[in-house]
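Shared between the two complexes below is chain A, which pairs with chain B and chain C, respectively.
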Partner chain A sequence: MRDVLHRFGPATGALVLGTVALWVILLVVLPQLFMIDMSLRPNLPPAARGGPDDVWSMSNYVTLFTNDLHRAIFWRTIVSAAAVTILALVVCYPVAYYLAQEVRGPTAAIFVLGLIIPFWVNEILRTFSWFLILSRNGLFNQVLMGLGITAEPLNLGGVGAVMLGMVYAYILFMVFPLYNAIESLDKNQIEAARDLGASWPRIHARVVIPHAKPGIAVGCIMTFMLAAGTVAVPQLMQALPGGTNARWFTQIIYSLFFDGGDWNAGSAYAFALLAACIVFIFVMMRLFKVGIADVAK
Partner chain B sequence: MTANRVLGFFIGLYLCVFFAYLFLPLVFMVAAAFNDSRFPTMLPWQGFTLDWFYGFDSRGRAIGLFQDARMGQAIWNSIIIGLGVIAISLPVGLAGALYLQTIRSRAKPLIYGIMVSPILTPGVILGISTLVFWRYSFGVGGGLLLAMIAQSTFIAAYCMLLFMARLERFDRTQEEAALDLGASQTLVLRRILLPYLMPAILSAAFIAFLQSFENYNTTLFVIGTQDTLTLNIASRVRLGLTPAVNAIGVIMIVLTIVGAVVYEILRRREARRSAALAG
Partner chain C sequence: MLAGKSVSLENVSMAFGDFVAVRDATLEIEAGEFFSFLGPSGCGKTTILRLISGFNEPTTGIVKIGGRVMAGIPANRRPTALIFQNLALFPLMKVWENVAFGLEARGVDKATRRKRAGELLELVALEGQGEKLVTQLSGGQRQRVAIARGLAVEPAVLLLDEPLSALDLKLRQKMRAELRSIQKETGVTFIYITHDQGEALTMSDRIAVMSQGRIEQVGSPDAIYRDPATAFVATFVGESNVFLGRIVEAANGVATIETRFGRLSGRNPEGLATGAEAQLVVRPERCRLATDQDPLNRLTGQSRRVDFEGSFINLVLELDDGREIVAQLTNHGEALHITPGEAVSIGFPTEAALLLEPGASTGA
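Right after this comes the complex of A and B.
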């Protein structure tokens, strides 16, 4: 604090400190604490708030784990998000590796631009483009009917469609961290391993992947967090024929807030989702032995 | 063919499939905006039309995107929110970056962790916590103002990272020299630090606006009864889909691609310039 006042003078220094304090307190810390506080209180009519019944309890969390439907949707959301993450990692690793290590010069620059452009296109539109492909009159059904595989258009909605949309919407959040991590690997290390007779799988297992660990961790954390926490993709994909059963946990939270008016239960569910993401971050950091400074770059 | 060439062939094929996967869905979506069909689909192709941008159906009803007043309002709201987010996130991000560069506290990693935590938090959580806090502490309900605040929680962190990346290469002896020559600390900030940060300020403004304009998950919880462009697109998909949605998509994609290319060119030019200065 004294450093800041010393460097910028009392007036500007106080402005810098004040702005930072307001941001951290009003925008980051207090809202989260309020949400947790809210999640521990019962849903009471306004007149009863602050009264004798307004005491902390775990009842909203208990509801989440005793309501069979909500619990099932919670786990399905977490498992699907993890599956989306693994799928994205498997699909992206070869692409990131070849663009970072094997392709050179202007070709590489064009490829990277080819990754950057779709990255800028927003989540809703990317999801919508897959919605169109899977819709009743969409390309997928037309191809199936054209090939005579089916006579009537199929209902393609469901959990699978939501996951397809997610992989498409978030795949570039996996590619870039991987690419950046692998690109910083000195080519000579790969050459040396090859000259010493290491096989391809061995080079990847012992040289490339250990080097790319922070990138893998960041890509997985981002993809998981986006997939578990999105309401855009499931909301859109649910409009597909046959998609009404593919409800996502974020949609339950949304309807608690805006259809049910139970902000307390909504807050508890939101915190449960946040806790799942935090657990995932710690598991990844443990698994890939990276620190928080490597992750939040 | 040697084993290497077989491998090379499969890798090339894989890259082709991957890029087709990235681009073709977007191409189909764009093409469907120009198809003279009631459904937003590229096949069967029924002829080129611009009716989904501006046109009338056989009964004379306006069907085009530009004839839709609700859409106009939604775009306006998105722009206002985006400008508000710039106004909040840039000063906050800048203050955060200057603060972190200056302090030598042992708590620095913790403070840094708290500051960047919104980037790793799901957007819906940011929206919910902002709504709950502002509603019960200040009586501020969902609306444009709350959308600006909620989005700024994480966009400010992005801006801070951009500023920090540039500050890392800042030579603090410049600052000391100016102070030795009698400049005030405020003058140093205004005449040395801010001009040095200008490229980062511009890219932060661009990123902040784009992030805000595209945001859905956070906005959904804090927007109240208002509408934004992304919310409007999503509600159109759910209730009565026409190729006018694709027309919005075309415009947004064209704007983002132009923006992204300009941004990349400027960024690379700037990177080359600083590399040349450093070398």
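Right after this comes the complex of A and C.
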């Protein structure tokens, strides 16, 4: 902060710092405080607001953990988002490694382009393409039937379909942090390990992955946050036959706000999800022994 | 136990697309030898190293280690260890883990790994540094960690790719002596890649001088310096004054060429015949100030510079065509009274000069 003041002089420095502070307070701190406040109040008709009943309590949070269905969906969302994260890591690591260490020049450019192009369309449209593939008359069912594996089209909806949609939707957020991290690894280190007789799994376990840890942490955090926080992907993928059991916690928050009109419970639920995500970030940082500065890079 | 093996290349060529990095290399490196490949960058020496270590397979030809053909055997299964130019130590591992990595890869248990790493660190004079991180060590110490790491897998051949190039001059000279003594102590065959003739000459038992993918000459440092086989070797290894001319007289292993500076004579080991184009090369330190009794091999030019180097003095003369030649005069203690622009004559004995076929790489 002193640095900024020193570099830009008192007037400009104060302006820069003031703008940032205003931005953070108005757009981040105040809305969150407002949400916490709301989450602690009961859901009252407009007339009763500010009255004797309008006092702070934990009742909205208690509801989340006493309502069996909501609680189950909350945990399932967390676990599924973690599973999406792991799946995305498994899918993206080889791609990122290949891109970062094996290919050079135009081939690499084509690969990167191939990864980016799908992201020129909206997340909902990307998810919709998987919806089409997995639908009753979709490509997947047609292939299965064409090969004679099944006579009738299968109902492919469910948690699996939601997770698949998410892995696809967030691949880039996993690939690029991994790519950046692996790309900065000196190729000689891999060759040195190989020359010393190490097998491929050992080279990755001992040389590549330790080096890529900050990238893995960043990719996992981003993917997890996106997966836990999305409404669009589960909403769409649930429309697949057999998909109704795959409700996401964000959808409950959505319906509390927009269908149920219970903003107070919605705020409490949203805040609980935010807290879970923050816990996840710290767990990842501890697990991969990276600091907040590495993650912010 | 550590022991060296021989390495042989039989008509080895390596092409990357249209670019031929190594052309028809054939040579035999003995077990326990300190052998250097010396040449300018891009001459193919690193490619040869990669062919021996197994990171690349030759386009044609055979690489043998200890008499065994290496075709199809990947880098991790060859009895070689490579010391990279930038060392490629693992920065996230402790020093001892770096040293023991090759043993880890071979499934050796931790207690044995630790013990062996300790022994190797002692060999390279780094005892007690095992728990440190590589980043906490100095350049010279890292160098030694890399060598210990290479030796840990008990290679028969240790390949070193200009590992001293990142060090400062003092440390480099110290490491030369250390490398040499580690090599003698272990008996492992060392194959050393360098563009630094000083390194090659001081450390090696034998040297292969390379240029443009070709091996120009193989021999002891002494032989290469004294009897360069080609004009390239004569100019690349050490300094040489080179004169182009046509042979006017050749007999008894000695020949004389006619140059624009007069007749110059030298040894003629290749037996070049009268009328042939030839290059005469002579080392600066074999030149001396000419006396009136020197009718032959006498060159006169204008003094350009007198560089005082301490134990010797470099006298730079400009000949009448603008070329500079150098005479390196031993400092006997008397002052040299030569002023710039003064006409000076230098001479050299016939046996100090060598006649070679003109090479494509050096013009006269």
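Definition applied: the second predicted complex is superposed on the first by the 279 of 297 C-alpha atoms of A that agree within 3 Å, B and C clash if a C-alpha of one lies under 4 Å from a C-alpha of the other, contacts with A are read in each partner's own complex, and residues count from 1 in each chain.
The definition used in the following text is that a contact is a pair of C-beta atoms (placed from the backbone, for glycine too) under 8 Å apart; a residue touches a chain by one contact, two chains touch by 3 or more.
Since we're looking at a predicted model, the values are computed, not measured.
For the composite obtained by overlaying on chain A, chain B and chain C can both be accommodated side by side without a clash.
Shared-chain residue A:A228: touches chain B; no touch with chain C. In the superposition on chain A, A:E191 makes contact with chain C only, while chain B stays out of contact range.
Of the two partner chains placed by superposition, only chain C is touched by A:H211; chain B is not. Of the two partner chains placed by superposition, only chain B is touched by A:E123; chain C is not.
Look at A:S199: by the touch rule set out above, it reaches chain C but stays clear of chain B. Superposed on chain A, the gap between chain B and chain C at their nearest CA atoms measures out to 6 angstrom in whole units.
On chain A, the surface touched by chain B in one complex and the surface touched by chain C in the other have no residue in common. Those residues of chain A whose C-beta lies close enough to touch chain C in the complex are 186, 188-189, 191-199, 202, 206-207, 210-211. Within the complex formed with chain B, the chain A residues making contact are 1, 3-4, 7-9, 11-13, 15-17, 19-20, 22-24, 27-32, 34-35, 38, 91, 94-95, 98-99, 102, 111, 113-126, 128-133, 135, 137-139, 142, 168, 171, 221-222, 225-226, 228-232, 235-236, 238-239, 250, 253-254, 257, 263, 266-267, 270, 273-274, 277, 281, 292-293, 295-297.
Across the complex, chain C meets chain A through its residues 53, 55, 74-77, 80-82, 84-86, 88-90, 92-93, 101-102, 104-106, 149-150, 152-153.
By the touch rule above, chain B contacts chain A in their complex via residues 11, 14-15, 18-19, 21-23, 25-26, 28-29, 32, 39-44, 91-92, 95-96, 98-99, 102-104, 109, 111-126, 128-134, 136-137, 149, 152-153, 156, 161, 175, 184-186, 189, 210, 213-214, 216-217, 220-221, 230, 233-234, 237-238, 241, 245-246, 249, 252-253, 256-257, 259-261, 264.
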